[in-house]
Amino acid sequence: MISTSLTRPAVVRAQAPIRLRAVVGRLLGWSLLAGFGIAVLYPVLWMVLSGFKDNQEIFNQPWGLPGELRWDNWARAWDLGVVRYFTNSVIVTSASIVATTLISAWAAYGMCRLRLPFGNGVALLVLGGLLLSPTVALIPLFRLLTSMGLFDTYWALIVLYTAFRVPFTIFLIRAYMIELPRSVDEAATIDGASTTQIFWRIILPMSRPILVSAALLQALFAWNEFAFALVFVSDDSLKTLPVGLMAMQSRLLTDWPVMMAGLTMAALPTIVLFLIGQRQFLRGLTEGVGK
Amino acid sequence: MTVLRRWRTWAWVLPAVVLLLVFVYYPIADNLRLSLFSWNAFSPEPRFVGLDNYAEAFGDPVFWRALGNNAAYAVVSLVFQGGLSLVLAALLEELVGRRTRGLLRTLYFIPAAMSITVVGVLFSFLYNPRYGLLNEALNGLGLGHLARAWLGEEGSAIWSVIAMSQWQSVGYTAVLFVVAIQRIPREYYEAAKVDGGGPVRTFFSITLPMVREMTTLVVILTISGAFLVFNEVMVMTAGGPDNSSQVLGTWLYRKAFMEDDMGYAATVATVIFVITFAIAAGQLAVSRRRRYDS
Amino acid sequence: MNTHRWTALLLGTALVTAGCGGGSAGAPAKADLSAPKDKSGTLTMVTKFADPKYAPYFEKVVAAYKAANPKVDIKLEQVGDQPYKDKIRVLTASKDLPDIYFSWAGDFANKFVRAGLAADLTGVIGPDTPWGSTFAPAALKAFQYNGKYYGMPVDLDGKYLAYNKAVFTKAGVRVPKTFEELLSACDTLKSGGVQPIAFGNQYGWAAIHFITQLNAYDVAPKTLETDYAPATGAFTDPGYVTALKQFGDLVSRCGTKDANGLSHETAQAQFLSGKAAMHYLESVEFDVLDKSELDWSFLRLPAPAGAPGDTNALTGAPDGFLVNGQSKNAGLAVDFLKFLSSKENAATMTKDIGWLSPVKDSATSANSYPQLTDALQDIGEAGSFAIWLDTITNAEVAGAYLSGVEGMLSGSRAPEQVMAGVQKAAAKAKKEVG
């Protein structure tokens, strides 16, 4: 407080030049923010609008608005494969969300709330899993999955999306579970509840916020994953959106509007999910990054 | 009895442990082994060749070009995601009112919520030499001499992919920085204001040191991301033309699944493993130290 | 109460046992090709004809066969051209090779033959057999390896330079007879403001088709044969460099700079819209031109004057189907292929999707258009097929050619450097095969 009153006069004297500089600085700052905003928004907007154009409009007036709303582009994209890829993505994504969150929640519970023999070993194993990248495992996984007969099935993707995301999700959930007061399970134990009951009836409901975050992050990951989907599924009828779109692109090389409509439909679910669950997303991201 | 009971708690972690061992650890260990063999889809019996694959990789100009492209990816990403993102985040916090800030933050994040294929395909249209928006824009601005076949020329292919990647990721890291900045106690800023520090000085004297942790993490994530990059390149150029935009990930893919040279591909995978593991271990060390510090 | 724990355990053990129980590799057996007494069972078949223009024809034939043989089920899977190369490798590695599968002629087919994965069909489809005699001999020959016949050709394909008659007339350009005349025709067209050849080389193979043809012109057939075989490839003949130089001239005088960034289809669209005078394309693509308003004709890429190679060779090849050498249903597979290649079905193919069939007398004015019958006649006159460079050579050499020529197009490599890369790849291939 004292120092405040002492320095105040200096501030007053320096005010005039600072104000000019501040205005210029603000202007610069705002233009950077706005400029970046436009740079981000414009391509996305162009993609959506181009989905309504016809080829002539895209090639001759790339900056213009569509002359009319051609919904048939969207219908065509949908029929030409988006519907199939979309369904596959939904199946793989939802299955891997359920599997990842449940398996991770079990493990996190076992690791931080029960006395687990060789618990440190498990923690190390999970930690190590965080350090290993999927790309490195492509070739052996290819052998493994073919020998297990999982190659070219939904299971290949579901199992891998779960296995490679379990370490991250365990840490995310564990960090949250550790913070839950011990007294609740102690009280429940005294009331005669088994560890299983405690998990399902107490711990799991209490961890809901972080489970939502974990599920959302898994959704973003699984919906957009590309390398595994490219290598381990080759049947066109099983392809997920990211790979399916590439197949569509090679089929539709000269039909841009339909492609743009397809791209927009593929991008929509995760964007909407993000808009709805923004808070949970950010929690998960920052918690996860800090791990 | 109690011992048995305690072991029963293993049922909780077993699914995770089994998944990890079978689908994460085993393949990575197996990859190391496979890199010592020569084999392809048509000769199911691998032939032991020792370190031949490594010698071949290290003598292969494309391998080094790929590694160089990964490094270029890392450097550019550092500048944009370590620098520009932080500046954007600081500006958001400094200049923008609550409402608008939330709106901009959401907007900035949108590309990161989009699939890399969507973004890649979208950008390959923007980069199209004949009808792409980018060349149209350059022509419109009287910069027609800069127009080119962005993804089709050796000089520009990888940089065009990297640029797209920045477009997708800068907003994402900016949001991470926003969160970090919001964790800085307000009093620091108030004190700085009172001390007569302008926004620029405050940025250097308070924001920058206080988000150091996040910066370190972003740096590490960015670098390891740059060495794992695959999707972007695969979708936009598949490594061409003349392997000029090849990165380790796509080179691995091409060797394994197009040229059918599995042993060589496993070798490339091992190199990626060594690099990313070292970086990740660094990350771990950093976050460990941080935990002790706090 | 403890159910979930058990589920967890079950899941765990399921995974472990699955991890240990490897796939069962079928022991190599000699395929039985004789026609089955009782036609029943399930056939698997994979093609690369997923394109909506082509897929329905194969579906139709399969449906017709199933209708005629109610106890047979055919699992037909069709994937795209590029994905097919991955798909078939994967199926091979996982020992899931279908009973009938697509193959390009050349090293692609030969690899399956060498690995014992293609049934020797000489006894049923050799030129002297009743079935074999229904095919054009050159087409059967494309699937010959060490004197034995391994494939059933399904289509005929030649690479031609299509030209827009109106644009030629307007620019006062005559149909070129030699490679040199073609170049000067390009100059005339260019000075008249027309793009001479629409050329898109995004994935590299479009350039390779030019090189295939030029190699055939510039290198003696015997040398080509030696070099294209992985066990003996050297690629030291000076003709290879000449071919690349000619291609370089062709691109600089007839093409555009941005070819590497353009897809073949985008280039084709330019030709269709009349903005370009010529376009190098396969006869299987003629259908697109036939459906357009264009007044067009075609010629072979003309040979350079005094070229030492085979000037009557035509870039192209039949595509075909192989029968899995380890298939238990080989007899049934052959029976289906006979059905597929009946004159009636072959004629339908030409009519529905505009492909030329290797089945004799299958194209008539009733089911095709003039250019297609002309092409069929021209293919008949060709001395030999110059099979696509990227399918006749092994993957390593093809890769070196693909990226080397891309590099040449973007100006970073000289023809000699491209060949140095190819020679290195050939040496490596030799080591692997030998």
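Brief remarks on what is shown
So that you can tell them apart, the chains are marked A, B and C in the order they are listed, and the count of residues begins at 1 in each.
Going forward, a contact is a pair of C-beta atoms (placed from the backbone, for glycine too) under 8 Å apart; a residue touches a chain by one contact, two chains touch by 3 or more.
Predicted, not measured: the structure shown is a model, and the values here were computed from it.
Centroid distances from chain A, each centroid being the mean of CA atoms, peak for C.
Contact count check for A-B and B-C (C-beta pairs in contact): higher for A-B.
Note: centroid distance chain A to chain C, computed from Cα atoms, is 41 Å. Taking each chain's centre as the average of its CA atoms, chain A and chain B sit 15 Å apart. Averaged C-alpha coordinates put the centre of chain B at 38 Å from the centre of chain C. The multi-chain contact residues of chain B, meaning those touching 2 or more other chains, are 11-12, 15, 19, 22, 26, 257.
Annotation for chain C: residues 5, 8, 19, 86, 90, 93, 266 touch two or more other chains. Taken residue by residue, chain A touches two or more other chains at 106, 142-144, whereas all remaining positions touch fewer. Across the complex, chain A is touched by residues 1-2, 4-5, 8, 18-19, 21-23, 50-52, 77, 79-80, 82-83, 86-87, 90, 93-94, 96, 263, 265-266, 268-269 of chain C.
The touching residues of chain A, counted against chain B in their complex, run 3-4, 7-8, 10-11, 14, 18, 21-22, 25-26, 29-30, 32-33, 36-37, 39-41, 43-44, 46-47, 58-59, 62-63, 103-104, 106-107, 109-111, 114-117, 122, 125-133, 135-144, 159-160, 162-164, 166-167, 170, 195, 199, 220, 223-224, 226-227, 230-231, 241-243, 245-246, 249, 256, 259-260, 263, 266-267, 270-271, 273-275, 278, 282, 285-286, 289-291. Note for the complex: chain B touches chain C at residues 8, 11-12, 14-15, 18-19, 22, 26, 38, 41-44, 127-130, 148-155, 238, 240-244, 254, 257-261. If you check the complex, the residues on chain B that touch chain A are 6-7, 9-13, 15-17, 19-28, 30-31, 34, 87-88, 91-92, 94-96, 104, 106-111, 113-118, 121-123, 125-126, 131, 133, 136, 167, 170-171, 175-176, 179-180, 194-196, 198-200, 213-214, 217-218, 221, 224, 228, 230-231, 234-235, 249, 252-253, 256-257, 262, 265-266, 269-270, 272-273, 276-277, 280-281, 284, 287.
In the complex of the two chains, the chain C residues touching chain B come out as 5, 8-9, 11-12, 15-16, 19, 25, 85-86, 89-90, 92-93, 111-112, 114-115, 117, 202-204, 257-262, 266, 395-396, 399, 403-404, 406-407, 409-410, 412-413, 432.
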